[in-house]
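Next up is a structure, given as structure tokens.
A, B, C and D are the chain letters, set down in written order, and residue numbers restart from 1 in every chain.
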Amino acid sequence: MLLFGANFISNIGEEVAMVLFGIGFANLLFQKNLIKKIIGLNIMDSSVYLFLAEKGYIEGRLAPIVVNGIQDVNTYINPIPSGLVLTGIVVSVSVTALMLSLTVRLYRRYHTLDLDEISARLKKEGL
Amino acid sequence: MKIFEYMLLAFLVLCAVSVSFSKNLLNSILIFMSFSLIMSIMWILLQSPDLAITEAAVGAGVTTILFFATLKKIHGMEEDPDQDGEDQGGKRHE
Amino acid sequence: MEKIREEKDMNESRQEENKKPTVYRIWRALKGQSEEKAEELTLEREQILDEKVLEKHRLDHEKMLEKTYDIEHNPIYGFFRRFYKVAGVLCCLALIIILLVQVSYLPPVGSSSNPGSNEVAAKYIEDGLQDTGAVNIVTGMILDYRAFDTFGESNVLFIATCTVLILLRNDKKKGKDSAEAEERRDSYYEPKNDVILQTITKVLVPIIFIFGIYVILNGHLSPGGGFSGGAIIGAGLILYLNAFGFQKIERFFTEKTYKWVSFGSLTFYCLAKSYSFYTGAHHLESGIPLGKAGAIISSGLILPLNICVGLVVACTMYAFFALFRKGGF
Amino acid sequence: MAFVQNVPFFSIILSMFSGIVSSVLPEKQAKWLNTAVITLVGAMSAWLLSYLLEVGGSFTFMMGHFPAPWGNEIRAGALEALMALIFSIIMLLSLLGGRKKLKDEVEITKHNIYYILTDLLLSSLLALIYTNDLFTAYVFVEINTISACGLIMIRQNGRTIEAAVRYMIMSLLGSGLLLMGICMLYDLTGHLLMSNIKESVQQIMAEGSYRVPMLITIGLITVGLSIKSALFPFHAWLPDAYGYSTVSSAAMLSSLVSKGYIFLLIKIFYRVIGIDIIRNSNILNVLFVFGLCAMIFGSVSAIWENDIRRMISFSSVAQIGYIYMGFGLGTEAGMVASVFHILMHAATKSMLFISAIGLTDVSNGSRHFAELTGSGYRNKIAGIGFTVGSLSMVGIPCFAGFVSKILFAQAAVANNAPVKIFPTVIVLAISTILNAVYFLKTVIRIYVPEDPAFEKQQGYLFFQISRQKLYGLTIICFIALNLVLGMMSQPIVHIIEIGLQNFS
């Protein structure tokens, strides 16, 4: 435990986000099936967003929507990470749609979802 | 409330791991859908309702629908012969 | 015997050629004469006349290919595969551990003295309502303070639709046959005219639309905004499509509608934001009234921008689904 | 505020807006709009460059009504303007050179999408060059990635789609790491604007409170961007992606897309973290080692390759290795050499791709070396272009490649860490020899005369300049650009030095 810093326990949410990031990364890299790769990509992105949201959270404060005209800094959580995540979610949806359409085209051509098999076949064809 | 949060976090990890090891594609997509839903609840707990509503609509809704559409398309193509045209130019003459 | 003599002759003449001064040769080249013996310097193609040799080569090549790409039986290839797998898993574990270590050193979650809650966040919270007129601080932030990011993000959606169009749109030149075949195959998997589904859809779709419009219009007052509301409306359109099929939806939504709606919204977005960036950079007043905080029509450009984003997102989500289903609208 | 200071903002918005407008235009008008916009951006960048050289220094441009830490900002200096100028020139030339091929390889209904993609690619490159905000950089990195993917797979055969999938997977891994790094940087400093982050980072490093996380963060960002720019162990997607896409795409991908990421990395080194902190960490040494490996490995793979387009692609791997090797030297001179190499490689590699397509066209579209025999006579202008490009890549004086090699060698010898001198110089020499082997092999091959009877039998076409004036003009412009970079390198190197000083 010498390796770890002081905030291991209090940052448990972020630790989980990091584990999810690793799982998503491994899925994106090692799954043979393209659809599972894409799910891995989504998990990876979500984990980054979870990390950001945890960063913005402040104990005992409210969501950043002005209620009753109170504009005190100490009432609301940090709004910046929320804005970044909103942008990020849309980016990841677009990328997912693109990857899925690539998958459909690849399947229509080769009738398999396994990327290794496709490249092995391409090599065999000698193209 | 803290305990609820920990439970949700544990669920997230569980979902992520079971997506990786499930044999059936439909199952993994469904598990991923629940992953998104749990994520959106998590964001409500973290006081970010904007994110929660967007994730529920985009992540759990539209993305999952797109996954299903892909899956159906793929199964629908099973009995179909190759329809894809090769491109005309740059073909090698061997 | 004769051949050897010929070769000898050639060699001699070549040597003579070489003895002539370089200047002379350059001069000759400039005049346009070719070297006397130049035509003998052409390379000859290698020609293998023997059929058997050719056959043997072909067999060897095939054997080599088989050996190289036979995944199951090639021990070297198998070893590399396994090595690659193990190394990859180790790398991922190392990545996770590094990230865990990293996080344990980061500032604690939930404390109010983090570097994140500095003067930037304070300004957004304290002056956000006055600067942007939006009650929802996050909306004010993404559509006014950091609007350039958000504009880039709408462009990401736009370009993603373009790429999906490239991949999945049916080619017009192939004719209607392929599109029809696709639709037939598609409808095979779908219960058409399902009474339960259609009835529920009739009830649900208006509610979904109204909710989506509410989320968009109240983007600056309550959680939500263009993206979430647009996605909700898009989901409603998809439900309608699934219940009633393409023919019914084409009465009010075709590819042309999509094209012009997204073009119009993005153009408005682009022009509005260019105007506001330009005036901002030159320290000019933008002249757009912010209105009374908390009212629906308030907060300057944020409401129209939210509507634009909502339209783009709704059309895009529907377009994605339609392209996946049929390869067109 | 002088009017010329609007140029960065105008060029980004103009290229984006032209992309949006192209979606409703017919194919022909989209083409003209695209050409006009790229030309306009190039002209405006030249204007901006002359202004900045006159005034000196740099300026920031506020994107919105709110000043620095609250709103977005873009920033322009001499180096940025130079980059924008050269990038737009190269993009214009690659598009013009590949226009005829585009008609053959891409369906006519998808042409205006092609122009949308290039417009948005240009805007994202400009935004990466000019931006002063890390999160904006991330968003535009994504636009860059998606449009590059579109450019790869717009020519639709199985091979390109497989290449696009591989490209996307590697790029998304890179984006994930980059986003993670940016989030952690935000967490540690509380800012997203480059200049503010730098102040906080300096403070943190002086206090010594967050040393470990800072190091890991720098590592994440660097690894992410080097995955995206295809540094040696992560280059597996590159040959397929460059080798089989349509020729304009290949030229733009190899010369612009990966360079955009590298330029962003330079900006992060100088403007976000501070180059001194980077030099004190071991990141640069790691980049140095991988750069050296890439130089050798890329060249060796290129020698083994039998396909001319794939050979040029593998040469890209080697050249990216050169750039990272220059970073790894850790000195100002090394960085200058790297930036010059970015420009030189962008100019030369696109020329090689464009002229290679001319050579394969007169050989029945075959890309194998055996069939290319004598193609230099069949298509004279492409032959000359390929020869000039090869000589430049090998490093013959007068051409651009020579200058960058000299700069690298000087930077290596003047390096104060003697450990790095010998490996650099030796690998530089080996790599030059290997370059010479595979490029000159090709040049000799295309100038070996082919039997006319055989040519007739194969039905090889002969290139006529009157039929393809545009293509000939493009190659001539490329050669001129190469000679300008090669013979008048002094002012350009000077601009790069000024620009890098302005960065810090």
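By definition in this document, a contact is a pair of C-beta atoms (placed from the backbone, for glycine too) under 8 Å apart; a residue touches a chain by one contact, two chains touch by 3 or more.
Worth saying up front: this structure is predicted, and the values here are computed from it rather than measured.
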Would you say B-C or C-D is joined by more C-beta pairs in contact?
-> C-D
One chain's C-alpha mean falls closest to the whole-protein C-alpha mean, and that chain is C
Chain C to chain D: how many Å between their CA centres?
-> 19
Once you find the CA centre of chain A and the CA centre of chain C, what distance in Å lies between them?
-> 17
Could you state the distance in Å from the CA-based centre of chain B to that of chain D?
-> 34
For chain B, jot down the residues that touch at least 2 other chains.
-> 48-50, 54, 58, 62, 66, 69-70, 73, 77, 83-85, 92
Residue list for chain C, restricted to those that touch at least two other chains | 99, 101-102, 105-107, 114, 116-117, 120-121, 124, 136, 138, 146, 149, 153, 156, 159-160, 163, 167, 223, 225, 227, 320, 324
What residues in chain A touch two or more of the other chains?
-> 5, 13, 19, 21, 24-26, 29, 54-57, 61, 63, 65, 80-82, 86-87, 89-91, 93-95, 97-98, 100, 102-105, 109, 126-127
Which of the residues in chain B come into contact with chain A in the complex?
-> 5-6, 9, 12-13, 16-17, 19-20, 25, 28-29, 32, 35-36, 39, 42-43, 46-51, 54-55, 58-59, 62-63, 66-67, 69-71, 73-74, 77-78, 82-84, 92, 94
Provide the residue numbers of chain C that touch chain A in the complex, in ascending order.
-> 65, 69, 71, 85, 88-89, 92-93, 95-96, 99-112, 114, 116-117, 120-122, 124-126, 128-129, 135-138, 141-142, 146, 149-150, 153, 156-157, 159-160, 163-164, 167-168, 222-223, 225, 227, 293, 313, 320, 323-324
Report the residues of chain D in contact with chain A in the complex, numbered from low to high.
-> 135, 139, 142, 146, 149, 153, 156, 158-159, 161-162, 164-166, 168-169, 172-173, 176, 179-180, 183, 186-187, 192, 212
Would you tell me which residues of chain D are touching chain C in their complex?
-> 1, 6, 9, 13, 16-17, 19-21, 23-24, 61-66, 69-72, 107, 109-110, 113, 116-117, 120, 123, 127, 133, 135-136, 139-140, 142-143, 146-147, 149-150, 153-154, 156, 161, 180, 184, 186-191, 200, 210, 212-213, 216-217, 448-449, 451, 454
Listed in rising order, the residues of chain A that touch chain D in the complex are 5, 21, 24-25, 28-29, 34, 37, 41, 44-45, 48, 51-52, 55, 80-81, 84, 87-88, 91, 94-95, 98-99, 102-103, 105-106, 109-110, 115, 118-119, 122, 127
